[in-house]
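Chain nomenclature is as follows: A, B, C and D, assigned in order of appearance, with residue numbering initiated at 1 for each chain independently.
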Amino acid sequence: MEPITRQIEWNVSHGMLLFLYGGTFLAVLLSAWRLYRRTAVWRSGRPYSSGITPARAIENVVAWMFNRSKMPRDRYAAWMHSLILWGFIILLIGTTLVFLEHQTPLHFFYGTFYLVASAIIDAGGVAFLAGLGMAIYRRYLHRQPRLKSSGWVDALLVLLVAIGVTGFFLEGFRIAVTLPSFERVSFVGYGLALLFRSLVSAGTLPLLHRISWSVHAALCVVLFGAATVYFFRHVVLSLTTVALRPQRSSGKLREYPTTANYTPSGTAADLKWKDLLDGDACTTCGRCTSVCPATAAGKALDPRSIVLGLSQLVDRQTASHNGHLPSAFDIITDRELWDCTTCGACVYECPVNIEVYDKIVDLRRQLVQIGRVSPAAQVSLDGLRQRQNPWDYSPAQRTAWSEGLKLPTPAPETQAEWVYWIGCAGSFEASAQSISKSMVNILRQANVSFVTLGCQERCTGDPARRMGDERLFQKFKKSNVETLRAIGARKIVTHCPHCLNTLKNEYLEDGQPEFTVVHHSQLLETLVKEGKLQLQTSDENRPITFHDPCYLGRHNGEFDAPRSVVAALPGAELHEMERNREKSFCCGGGGGQMWLESSGSQRVEGLRLAEAEKTGATVIATACPFCKIMLESASSTAGKQQLIQIKDIAELVNEAIAR
Amino acid sequence: MKVLHTTPFKIAVCLKEVLDARLPLKVEAKTGAIQQDAPEPVVTLNPADRSALEFAMQLREQSPGSRVEVFSVSDVAGQAALWYGLARGADDAERIEGSGKGAPYTAALLATRFHKETFDLICCGDETLDNSSALVGPLLAEILDLPQVTGVVRIVECSKSSILVERGLERGSRELVEMDLPGLITLKAESVPWRYVSYQKLEEAQLRNIPVRRETLPTSSNGLPKWPEQATPTAPRARVKKSFTPDSKMSPADRVRMIMAGGAAPQESKSKSSVVEGDAEYVSEQLYRFLKHHEFV
Amino acid sequence: MSEQFPLLFSPLQLRNKTIKNRIASTAHVTIFAENGMPADRERRYYEEKAKGGAGLLICFGSSSVHPTSPALDWKVVEMFDDRVIPHLQKFSDTMHGYGAAVLAQITHRGRRGHSNLSWQRLLGPSRVKEPNHREVPGVVQREDIDMIVKAFGQAALRLKQGGFDGVEISAAHCHLIDQFWGPHVNFRDDEFGGDLDNRMKFGFMVIERVRETVGDDFIVGIRITGDDFVEGGLNNDIMCEIAQKLSEHGMLDYFNVIGGSGETLPAEAACVPSMNFPLACFKHLSGRIREVVKEPVIAVGRINDPVVAEKLLADGQGDIVAMTRALIADPYLPLKAKEGRLDDIRQCMGYNEGCIDRQYRGIPVGCVQNPVIGKEVDWADLPPATTTKKVVVIGAGPAGLEAARILKTRGHQVVLFEKSDRFGGQLNIAKLAAKRGDYDGVARWLELQVKKLGVDIRLNTEATVDGILAENPDTVVVATGAVPLLPPVPGLQECEFAVSAWDVLLGKAPAGNRVLVLDDQGGQESVGAAEFLLDEGREVEIITPHYSVGEDLGPTNKPPVYARLYAKGVRMQSTWELAAIESGIVRLRNLHAGVEIERDDVDVLVYSYGGQSVDGLARELSGKVKELHNIGDSYAPRSLHHSIIEAHKYAREI
Amino acid sequence: MNSLPVSPSPAPPLVLVFAETLWGKLERLSFELLADARKLAASVKGRVEVVLFTTQEQRASLLEELLAHVREPIHLVEHENFAEYSTESYTSGLVQLLQVLQPNLLFLGATTYGRDFAPRVAARLGYAYFPHCLLSKTATGGKLDITRVTHGGRVHIQTNWPLAAPAILTMKAGVADAPAAEKTPPNPQVTSHALKIAAGKVRLKKRIPPDPRTLDIRQAEKLVSGGRGVGNKENFAVLRALADALGASLAASRAAVDLGWVEYERQVGQTGKTVTPRLYLAAGISGASHHLMGMRDAGKIVVVNTDRQAPIFSVAHFGVLGDLHAVLPRLTERIQADKKKATPATSK
């Protein structure tokens, strides 16, 4: 019985081996050097603390590789990437084993191990090629619109396919020479061997083996050498972004420590290093763009090109010799930056955990610092600074909505359980005021003890922060925290997810739950469940659809409470929209868009309204004043006010209270 | 705006912090105090002054080496305007305190400062949100014997020796004028789009110490208009616009008839109008002749 | 703050109360009171106005301070009884809930009215009968004065106790205070008669007593006329003098200035100017009063649009605008104006047929255009349909349009057929009459609403049974209207010179100078046709079998119409009817005596017997569709008010 | 206030009105000032006189316009430097004239020009200065009771000022009602004053008239207005073309605005804007009463309508019974042809 092994590097000359090892070494070196040049630019960036421990980083990567948490969102891509990745890893391990067997005193490549390993390696190769096939199908035949093809992408695919194919070829030629029966485990190679034997004479087989080995080796060297060029580098770098996956709630914006007399200009040094890394790590898959509401409405913003724009910035800076520092603002226009609604769909969708909209906000922060702010944003920001609300209303009007309601205000002798935080929309905007009025009535009906802050309440600073004036946000944070502390607030309820997000995620440091903040949907759910609110019942079916507010759902993970409130409404029949829960589509009002000039060929809110209409519902329930205002504006623009009602869940509950 | 010579300019900008009168105001009936209907008063840099500041800063940007200094006649609370000026990038700020109240005194106090140092250009807001007198600019120019252009809505061109601006006139008309420098312009609030000043810059400016100059004016200040010391603010009461009123001596029936007819006297006949008809060619020619006769074409 | 209407939506301080905007509903009688108390119907009626955003509500027109005030025929609130206080409290709490300031009018009507319901003697400054009611009053004695003055104070106090923000003393419409002022009514020779100061003494006593009783923290305003349009009465010059004296007296917080007076029929019609008057027709009166007083002035009189109101304020002709009827036609006018939805405001056109002309006859107030008015308890909310149906509405006249509007709002699928090329039905004819052009407004609003709602509109489409069944409707609403009625009077059918009033307005009258108009319908159509022909320079005579021409025209519509007709040379005769027409001779018969006369001098005979239902389609459809409603004139020819209410009622139930 | 200069003349108080011109035309505001001056003078038994600055060329036409309204004495200063407005020439001219006339009160418009030079006049003469006045009347004790507008119109300031101490008031436009033109041509005394007028350091380069397309219709000289008869939104192009040819602004009736053909800002009528252009051309407008209210005071009213019964004919100065779609394009062509002919002749 012939020994179950093979001669390692059979038919391979020393020169060839030298080429392989030397070439690989130089190629890796080249890649490393190129990467180093880029890291030098990254390192010039502003500090960024991910708060990730190495253990956590590994955990993140492993979880990502095995769990494929993003799998359900795009099954095809998940399978494709898994096949390529795992195929590649198996082949890499196989090749490494070959190298170890050959160059080290270790010998293990025989017997059962050999058989099993060979079979696995072949399977890996098949998986690898199958994955690539899927990629080619999707990119060139099926033409997924979001995927942008370029010469680099084509080149990588050709290169990888070629590596896979030549790998099988050289194996086939090798086996064909001797054709040992145990090599049947290398099912592809063995098959090919049979084929080759029938096609070419036995004498030319070793030569063909040498040729295919050399081509394979050369291609591998090229791959290693090109591993850190454009697009190729995502294969390596995306692992780092996965490792550095942010731990915070996606609604919590990153800190932006300000330095005195600082005038940013959009250079790499003005950006956080992580953002530069993110740019390089982008897989260009375009999933962010495909879900971006601004892009969908034909606005200038395309989140992928923001991320890639930063990579381009690194390109330009590495190429720059005369000391001129290129600026992100030469690559990314202001218009794009002001189009973002900070809905977070991009962040949720990104397969490699790139912080997409944070970059936009950081760049806005720079624009604000140099005064490059659109006129509408300026009105709003000046309004915030001088009048404590982003609508630029008179501060005296803050309590006008509650005229006649005799709202309780904080008093030292009576300690109310809840502070009802109204928010600026609920205070100033007519259509949101009815939410506030409904909530007051509900709280009273349910005998919940509460106070409101009246004129002491101010904007939480959310619009200031998202429009980029960080210090202005800090001012609001300081004064509001002081107010809340002064009255000894313990539990806060608000109907505004933006207020919720800011109060809950951005006001208090982690691990310091001085007060808890809940959304009114959560309180309403409890009140209904506990029977403190008796709702009417009805035999008639009333089709209702629920629009998930970004800052409640995606950013703060609350999807069920509002739905359970809707379900408790008389006759309610919940019809989900095509995009719901985590995948919900923005109303177009966040991130300052409520006050900014609208651009683009369509309106985000109009798109969402159309989607809601498709459900056949006669009521759109929302749980955010911004969503209500935006969708109402869409419906009045379309002249559909009478066809579909847009109501906050509080309004719906208030209407349904059994009287 | 075009800057023809990049020689450095020395520009002074006069600023005032005002009660934001775009918000509802109340006049306390008993004391005559003007109060904002707000939990705490909202004050702001006078919008027209903000345009003056903005224009000066843009001029400085385009002519390197230029200096912009901001001035305000005010008490300590009024230095917020100067802080804003510094935050926007002004090189220096000075607050002036002095005796007397009212626009003429403000102009005179500012003039004492500008007598000491010559500026190429003095920029003021056209009118303040509070007193709305539009006086300080012209008076300052008068005291300093400078040429002036008030009510500027656009700046076209600036050179070391002259400035070319558009001033807004009645009913949408404008005119383009050229003024020799040194001189003084007053800008309308909407003349220059403002650049945003971040809160960080404001906070940083607030750390700066603003020097105060104390000036005393002679009590009989010649070369100033008299300015009444006693003035009572009241809630606004629109002036009654006359509309036609039938004479009480007419009979009740005629009075009612006139009112029903919207003011036409009962005996007044319908206006005699000539109505032409015919083919389009003919009537359009007749119409043309009518318009021509009355010089509308 | 509304940018379009900065003045209209600016607050105003009235004594201790800030009024949130300048829109007021002024006092008017509603006939809603139950046993003299403002009950739910009244409260809900005003609640809609408060909800709609009006800043100032002056409620309860002419509510009595004393049982001797003749007011039973108007069912006013009896402010002389302590029983009223809890009702007032509930009322004011409701209004305050919406941030409205709430006042009420109190008065003593003196000699204006009848005593045949209360059997209380009428009181007047002198023994001069009021021409409108023609009852001679007794003379107010000194002790009566003390009694009434005291009653004013007590009534005001009850308002304060009931949570109201203030009181309005009525010194207009020839009530007792202005009866004392009027040199044509007050012929006393004691301290209350003679020169103006004496004549004003009673009024001052009332004001002083009210102020004394309610204290400083309560609004006390007065309603006066700016010109009473009465011979020898309180003309504008005298009223300016009176207003100046009242202002100098310094106890009042505002002046509410109307035009006209209740004293004579033409003056009474001017008090609530109908569409015969231009918009804001009395702004000159409030303007002139405002020049002589320092207090805020409420301007009154056909201010039906926020733009008109804003302009009036800008021109200083008032500080507050009374948009009373505008708020009846659309209680949500303030909110809509604030939000810039001017299109959506249902504008008061000054018909007066639905509101004041009903009230003068003792029938509860409604609105020709707005069917909800007076029925707020039941109709203020419009619930969506329980099951969505497909409804075909036939006819885009007012009934069809209102039905389509309500049906679509409630969620039904609505197809609207109209055989002509335009909306409005008979309104397109009615609006052709002189000073009736504003009829266009009701159709314009309804048309805009059904278009906005997305009703499937098929103009130029005559509905046929097959066409309707092809739509496969669940319900069909027939509103095919009416045509002029031609009764079987001998000879009328064949008469070549006879023409209907409708055709006259459409310009189809035959030639001929001498016109005889036969007014049987009693409303606007015959007088409208008559005026149309008078304007063409023809000689017109109107005869009617009723007691007067235009018998059904209300007190605010008839005088202006008569004024124009007579000025244009009309002749009118009542209690005559058409007996027959024989070979060009028109035979008329006296309804009472039965005598007949023959007229050979008639070139054109215009007949107006009202309408005849066009109900052929309704009859054909009967039994062929699941649900069928025949509404409006095609059911039975009646008024616009009937049509809209009926359309609304059925559309609400489908 | 004791030290204030008191008018030495024992003559009745003199109220001067400065007749303002803009680009060689009298400002309507001047007549509004005249109305107020007359009222005030009447209450103090004073007299009113009018000041006019002009050039030789413009003298005749300005005087003609002025004489239609003015029966009071006119003081005329004629100088070539008044060909265009200049702060310095106006200031020096008025200072010299006031020194001669010694008025108690001078009314000026609170216009750009008035607000530009009046403060400098007041400063040179030591007069009191009241900017942006709404109203002035005499109060008890012969004092002037002056109301001026501050805080963007949200506050009125009331001041008492002795009539004896000379003062300059700039008055808001549009608050007083201009008196009607005199029925019989008055023949007031016209006094010419020869004064030395300084030239300024500010030179006029170009006059920029407003764009009729964006001008507020209340300020427009000529209006072309359309109603329901225009038919649809697209057809308004016919009116726009005519408006452009005429240099007129576009306006519309309520019907056209409600139907969404024209924006609300252009609506004429009681529910829209009240307009007083020199020319009002109404096409396809029947003339509902609320519309007539808004335009009846226009100088010349031209009506194009197919319906002879349309009430708008009752206010027309010139009526065309015809289809606007046929008539107006021809008129537009006619005007444009005229312009083309005229252009080569007048341009240099």
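Keep this in mind: contacts are C-beta pairs under 8 Å (C-beta built on N, C-alpha and C of every residue); 3 or more make two chains touch, one makes a residue touch a chain.
These numbers were taken from a predicted model, which means no experiment stands behind them.
At the centre of the protein atoms shown, by the Cα-centroid criterion, sits B.
More C-beta pairs in contact connect the chains of B-D than those of the other pair, out of B-D and A-C. For the pair subunit B and subunit D, the distance between C-alpha centroids works out to 20 Å. Rounded to a whole number, the gap between the C-alpha centres of subunit A and subunit C is 64 angstrom.
Rounded to whole angstrom, the centroid-to-centroid distance between subunit A and subunit B, based on C-alpha atoms, equals 50 Å.
Look at where the CA atoms of subunit C average out and do the same for subunit D: the two points lie 41 Å apart. Within subunit C, contacts with two or more other chains are made by residues 1, 278. In subunit A, the positions touching at least two other chains are 394. Within subunit B, the positions touching two or more other chains are listed as 24, 37, 235, 237, 239, 241-242, 262. Chain pairs recorded as touching, per the definition above, are A-B, A-C, B-C, B-D, C-D.
The part of subunit D that touches subunit B in the complex is made up of residues 3-4, 22-23, 27, 29, 87-88, 111-113, 115-117, 119-120, 122-124, 126-132, 134-135, 147, 149-161, 165, 167-168, 173, 175-177, 200-211, 214-216, 219, 222, 246, 278-279, 289, 292-293, 300, 302-304, 308, 313-323, 326-328, 330-331, 334-335, 338. The part of subunit C that touches subunit D in the complex is made up of residues 278-280, 305, 307-308, 311, 342-343, 437-438, 440, 444, 448, 507. Subunit B contributes residues 19, 21-22, 24-25, 27, 34, 104, 129-135, 138-139, 141-143, 147-151, 164, 166-180, 183, 220, 222-228, 230-237, 239, 241-242, 262, 270-271, 273-278, 280-281, 283-288, 290-291, 294, 296-297 to its touches with subunit D in the complex. Contact residues of subunit C toward subunit B in the complex are 1, 7, 10-11, 13, 227-231, 233, 235-238, 259, 264, 266-267, 270, 276-278, 281-285, 287-288, 290-291, 313-317, 319, 560, 563, 567.
Within the complex formed with subunit A, the residues of subunit B that make contact are 20, 23-24, 36-40, 42-44, 88, 193-204.
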